[in-house]
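In the two complexes below, chain A is the common chain; its partner is chain B in one and chain C in the other.
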Partner chain A sequence: MLFKYIRLYIEFFKQNIKIMLEYRADFIIGAMASLFMQMSGIFFVWVIFKNVTTLQGWTFYDITLVYGLLMLSKSLNHIFFDNLWVLGPQYIRQGNFDTLLLRPISPLFHLIANRLQQDGIGNFLLGLVITVKSLYELNLNLGIKGVALIILFVVSGGAIFAAINLITATSSFWVVNSYHLIWTVYSVNEFALYPLNIYHKAIGIILTWVIPYAFASFYPANYFIHKGYEQLSFISPIVALVLWVIALRVWRFGIKNYTSTGS
Partner chain B sequence: MILLKKMLAIANINIKVILVYVSAVWANVFVNILQVVILYYIWMAVYGGQTQLHGISKSQIVTYVIISRIIFINGIVSWGINQWISDIIKDGQISIEMLRPIDFQLMTYARRIGVLVFSMILYGVPVIVVSKILFGISLPATFNSGVLFIISFLLAMTINFLVEFFIGLIGFYTTNGWGLQVFKEALLSFLSGALIPIAFFPGWIRQIADFLPFKDIVYTPITIYLGNTSGEQAIKSLLFQFMWVVVLLLCTRIFYTTAIKKVTVQGG
Partner chain C sequence: MAIIEVNDLYKEYKINQKKEGVLGAIGNIFYPRYISKVAVNKINFSIEEGEAVGYIGANGAGKSTTIKMLTGILTPTSGRVLVNGNIPYKHRVKNNSIIGAVFGQRTQMWWDLPPIETYKLIQKIYDVPKKQFDENLSTFTELLDLKELIKIPVRQLSLGQKMRCEIAAAFIHDPKIVYLDEPTIGLDIMVKDKIRNFIKNINKKRSVTVILTTHDLQDIEEVCKRVIIIDNGQVVYDGKIEEIKNSLGKYRTVHFQVKNCSNNLDNVLDTQKEYLFEVSKSPYDIQVKFDRQKITASEVMNIISPYCDIMDLTIQEPSIESIVRDLYRKQVDNNDFIKENAGNCKY
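Take a look at the complex of A and B:
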C-alpha cells in the first residue's frame, strides 16, 4: 500500500518536473523573485545587528539559525503541499474535485501530488545556505547525529506547516473562498522567524500551543544553541504527528460534507 | 412560496459573495497588524535600555513603524498600477486606453489616486486605529510638521506612482508582471526605509539609499512627521522630492514614447 503510493508519487513527480522544464523562464523568474524577497528579510536582521551586538541575549547567527530553519520548513511546505491553497478555487468551485474522487487513490494524496511548486526551490536553497552558515559560525560540531536531527526537525517543521494549511484549506468545503482564512492563519508563522522570548508571553503561548509554528524554528534551534528552552525541542516530531492526526480527521469530516457543484 | 425560496437562495449567494470581500479586508488588516506587532517587539528588543538611537527615540520608533506600515500597504505592497499596466499590455487592452481623449499617464495617475483613497479607508484606517490602541501613536511634532507631512506624503505617493508606472512599462519587454511586482516590493521595502529607518543603515548602503529617490516614499515624510526634519531642512526635503517628481516624470515620458514605438512595430 505504502509502496504503491511512493511509486505513484514518483510518477507524479516526473510529470511535474516536465511541466517545470517546459516553462523555464517562468521557473527562473519565480525562483529569483521569491529568493530576492527572502533576502530582503535577512538583510533586515543584518542591518539590525549593525546597530546592536545582541538581541535579548541572541547573537546574529543565533537568530539566523532560527530564521534559516523556518525557511527550510516553510519551503518544504511551499514545494510539496502548495496545491492546498487552491483546493477551493481550482478544485471545488470548478467541479474538478469530482475527478479526484473518481480515481482509485486517496483524493488527498492526489490533490497534493498534483502540483510541485517551483517557486519554493529558491527559498529552500537560501534556507539551507543560511542554516549551514549559522551552524558553522556558531562553531557547532554536529556529527552524524546532529545532521540527522536537523533533517528530522526540518521535515517535522514542514509537516507542521502542511497540517495547519490542510486544516484551514478544508474550510473550502463550506465557504466560497478559503484563501483568506488560510492566509490569516499561515501569516502567524512570521512570528517564528525570530526568537520567541522577544515577544509578549501570550504570543509565545499561541505559537507553542495554538498555532505551533515555533516547533519549526525556535525550539529546534534551541537544541543546538542552549538558551533555556531545549526541553521542548524534541517534541517537534510529536507535534507534527498530532497535527496530522487532527488535520486528517478534519479533512474526512469535510469530504463527508462535500456536495458537488451543479455545473 | 417558491418565489420566496428562490429569492432567499439568490440573497444567500450574494451574502456569500460579499463575505468574500469582507473576509479579504479582515485578513488584510489582521496580517498588517501582525507585522506591526512583530516590528514593535523587535524594535523594543533593539532599543533595550536605550532611549535614543540615531536621533530616533523609543516612542518615535513606534510611530515610525505604524506610519511606515500604512504607507507600505497603500503604496509599495498594494498591487498598484504596475500590475495593471503589465496586464493591459499583455492582453492588448492598452491600444484602447491609448485611444482615449486623455493623456494615458494622467489617466493612470487618476486611477492610482482612486486606488489609494479606497485602500486608505479600507486598510489604512483600521490598522491605524488598532495600532493606536495597542501601542499608541504620537501626533505630528508640531502643527507645521503636520502640514509639511501632508505635502510630503502627497509628493511621496506621486513618486511611488511614477516608479510604478516605470515598472509597468517594462511589461512591454517581459510578460512576467508578477515577478516585476515581487522585485519592486523587495527592493522598495528596503530602500524606502519601510522596514528600517535609513538612519540605521551602515555606511555605504546609507549613501546609496540617500542618493536614490525611494527614500522619499517612506523615510522622508515620516521624519518630517516626527519633527526630526524641520524648518529649513524640511523645505529642502520637499524640494528634493519635487525634483525627483520632475526627473521621474521625464524618465517615464521618454520610456513611454520609446516603448510605444515598439507596439506600433509589433502591430504593423
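Take a look at the complex of A and C:
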C-alpha cells in the first residue's frame, strides 16, 4: 500500500515537473519574487547587528541559523503541500473536490500530490545557503550525525507546517473560504524566525505548545549552539507526528461534512 | 444479483436561509436559520449488470444528488445504496476502482497537460496492465477520433474536443459501471453523435453498466433501453423507453411564421383534427402539434402551405419537462397511463 503511494507520488511528481516546464517564465518569476521577499527579512537582521553585537546573548550567526532552519522547513511545506491553501476556493467552492473523491486513492493524498509549488524552490535554496553559511561561521563541525540530524529536523519542521495548514484548511468544509484562518495561523511562524528569548514569555509558550512553529527553528538550532534548550530539540519529530495524527482526525471529520455543489 | 441496488434512498440538505440586506447578513451570523430541503425522497430501483439506463428529470429534480450518492460523493441521510455489494461512501477505494464518471460541468483531466498524460496517470492510479491500457487507448482513439487531440494541452481544446477526451478518460480503466452526468451538454450534433455511438458501442461490447443523465431526449433514445424519470425527488416512471416514447414522445410541434393567411385555413385544420392539434394561431404565427406516427412533417406543411405564405418554420421536440408534466397529467387521468391510447390525449 505504502509502496503504491510512493510510486504514485513519483508519477504525479513527473507530471508536475512537466507543467512547470510548460510555464518556464512563471517558474523564474515566482522563484525570484519569493527569494527577494525573504532576502529583505535577513537584511533586516543584518541592519540590527550593524548597531549591536549580541541580542539577548545571541550573535548574528546564531540568529541566522534559526532563520535558515525555519526557511528550509517552511519551503518544504511551500513546495509539497501548497494545494492545501486552495482547498476551499478551488476545490470545495467550485465542487472540484468531487473528482478527488472518485479515485480509488486517498483524497488527501490526491489533493497534495496534485500540485508542486515552484515558488518554494528559491526559498529552499536561500534557506540552504543561510543555514550552511551560519554553521560555517559558527565553526560547528557537524559530522555525518549532525547532517542527518539537520535533515531530520528540517523534515519534521516541514511536517509541522503542513499539519498546521491541514488543520486550518480543513475548516473549508464548513466555511468554504478558509483563507483568512489559514493565513492568520500561518503568520505566527514569523515569530519563529528569531530566538524565543527576545520575546515576552507568552509568545514563547504559544510557539511551543499552541502553534509549535518553534520546533521548526529555535529548538533544533539549540541542539547545535547550546543555549539551554538542547533537550527539547529532540522532540521536534514527535511534535510533527502528534500534529499529523490530530490533523488527520480533523480531516476525516471534515470530509464527512462535504456537501458538494448543486450540479 | 443486481449491480446497483437502491432502497428507500433519502437525502435532505440543510440550507441556511439568508436574510436580506446587510443587517440581515449580520443577524444571520448570530441566529442562523436553517430550513431543510428534501432532494431525494425514498427512491427505489435496481440496475442489472450491462444495462444502459437513462436517468432523467427536470432541473432540481434530484438527478445529480442521486448520482452523487451512487458514486459515494455524498452520504445519504437515510436509506441504502449498494454498488457491486459495497456501500459507496464507506468503501470508497473499493467502489471507486470499478467505476468511471463524467460530470459534464467539470473536468477530471489536468488542465495544463495533454489528455494522454491524464490517461497515463489513470493507468497508474487504477493499476491497469500495460497491454490492456494500450488496447483501450487505441480502440478509443479510433472510435472517438482522438488521434490529433491527445497531445494538445487540455486548456487549448474546444468544448467538444475536451468532452470526447473526457469520455475516454472515464472508460480507459475498464470500469464495470460508468456514470455520465450531462455528457452532451452544450455540444453540437456531430460531437453528440460520436459520443452516443461510443457509449452504445462500449455498453454492448463490454457490457459496461451505463447510467446517463441528460436533458437531450435523443441521447436517451439512442443509448438506453430503460429510463427512470424522477421528479421532486421521487421516481415517477421506471420502465422501457419504447413505452414512454410511444405514449408521449411521438408528438412534435411545428412553428410556422406566416403571412397572408386565407380564412379557409381554420376549416382545413378542422378537417385534419385526427392528426393535427392546433395549439395556437395568430395572424403571423401558427403552432401545430402533430402525431409523427400518423403524419410526417412535410405532410403537415402541404396541408398548410396552400392557404398561407410560410416564411419560416421550426420543429420542436418534446422536452423532458413537458414529458414529466404530461406523465403527471396522465397519471391523474388514468393510473394505468402506459396502456392508455395516446391518441385520446386532450390538449
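Keep in mind that, in the parts below, the second predicted complex is superposed on the first by the 263 of 263 C-alpha atoms of A that agree within 3 Å, B and C clash if a C-alpha of one lies under 4 Å from a C-alpha of the other, contacts with A are read in each partner's own complex, and residues count from 1 in each chain.
Convention: a residue touches a chain if its C-beta (ideal position, glycine included) is under 8 Å from a C-beta of that chain, and two chains touch if they have at least 3 such contacts.
Just so you know, these numbers come straight off a predicted model, no measurement behind them.
Peer 1: Who touches more of chain A, chain B or chain C?
Peer 2: B
Peer 1: In the superposed arrangement, which partner chain does A:256 touch: chain B (first), chain C (second), both, or neither?
Peer 2: second
Peer 1: With both complexes superposed on chain A, which partner does A:52 reach: first (chain B), second (chain C), both or neither?
Peer 2: A:52 contacts chain B only, not chain C.
Peer 1: On the A-aligned overlay, A:103 touches which partner chain: chain B = first, chain C = second, or both, or neither?
Peer 2: The second partner, chain C, only.
Peer 1: Applying the document's definition of touch, where does A:32 land relative to chain B and chain C: first, second, both, or neither?
Peer 2: A:32: touches chain B, not chain C.
Peer 1: Could you tell me if A:19 is touching chain B, chain C, both of them or neither one (first, second, both, neither)?
Peer 2: A:19 contacts chain C only, not chain B.
Peer 1: Contact-wise, after the overlay, does A:8 reach chain B, chain C, both or neither (first, second, both, neither)?
Peer 2: It touches chain C, and chain B stays clear.
Peer 1: When the two structures are overlaid on chain A, which partner does A:95 contact: first (chain B), second (chain C), both, or neither?
Peer 2: In the superposed model, A:95 contacts chain C only, not chain B.
Peer 1: Can you list the chain C residues touching chain A in their complex?
Peer 2: For this pair, the touching residues of chain C are 13, 64, 68, 71-75, 92-94, 96-97, 99, 101, 103, 105-108, 110, 112-113, 117, 120-121, 124-127, 153.
Peer 1: Across the complex, what residues on chain A touch chain C?
Peer 2: 4, 7-8, 11-12, 15, 18-19, 22-23, 94-96, 98-99, 101-106, 256, 258-260, 262-263
Peer 1: Which bits of chain B are touching chain A when the two form their complex?
Peer 2: 16-17, 19-20, 23-24, 26-27, 30-31, 34-35, 37-38, 41-42, 44-46, 48, 53-54, 176, 178-179, 182-183, 185-187, 189-190, 195-196, 200-202, 205
Peer 1: Give every residue of chain A touching chain B within the complex, in rising order.
Peer 2: Chain A reaches chain B through residues 25-26, 29-30, 32-34, 36-37, 39-40, 43-44, 47-48, 50-52, 55-56, 175-177, 180-181, 183-184, 187-188, 190-191, 193-194, 198-200, 203.
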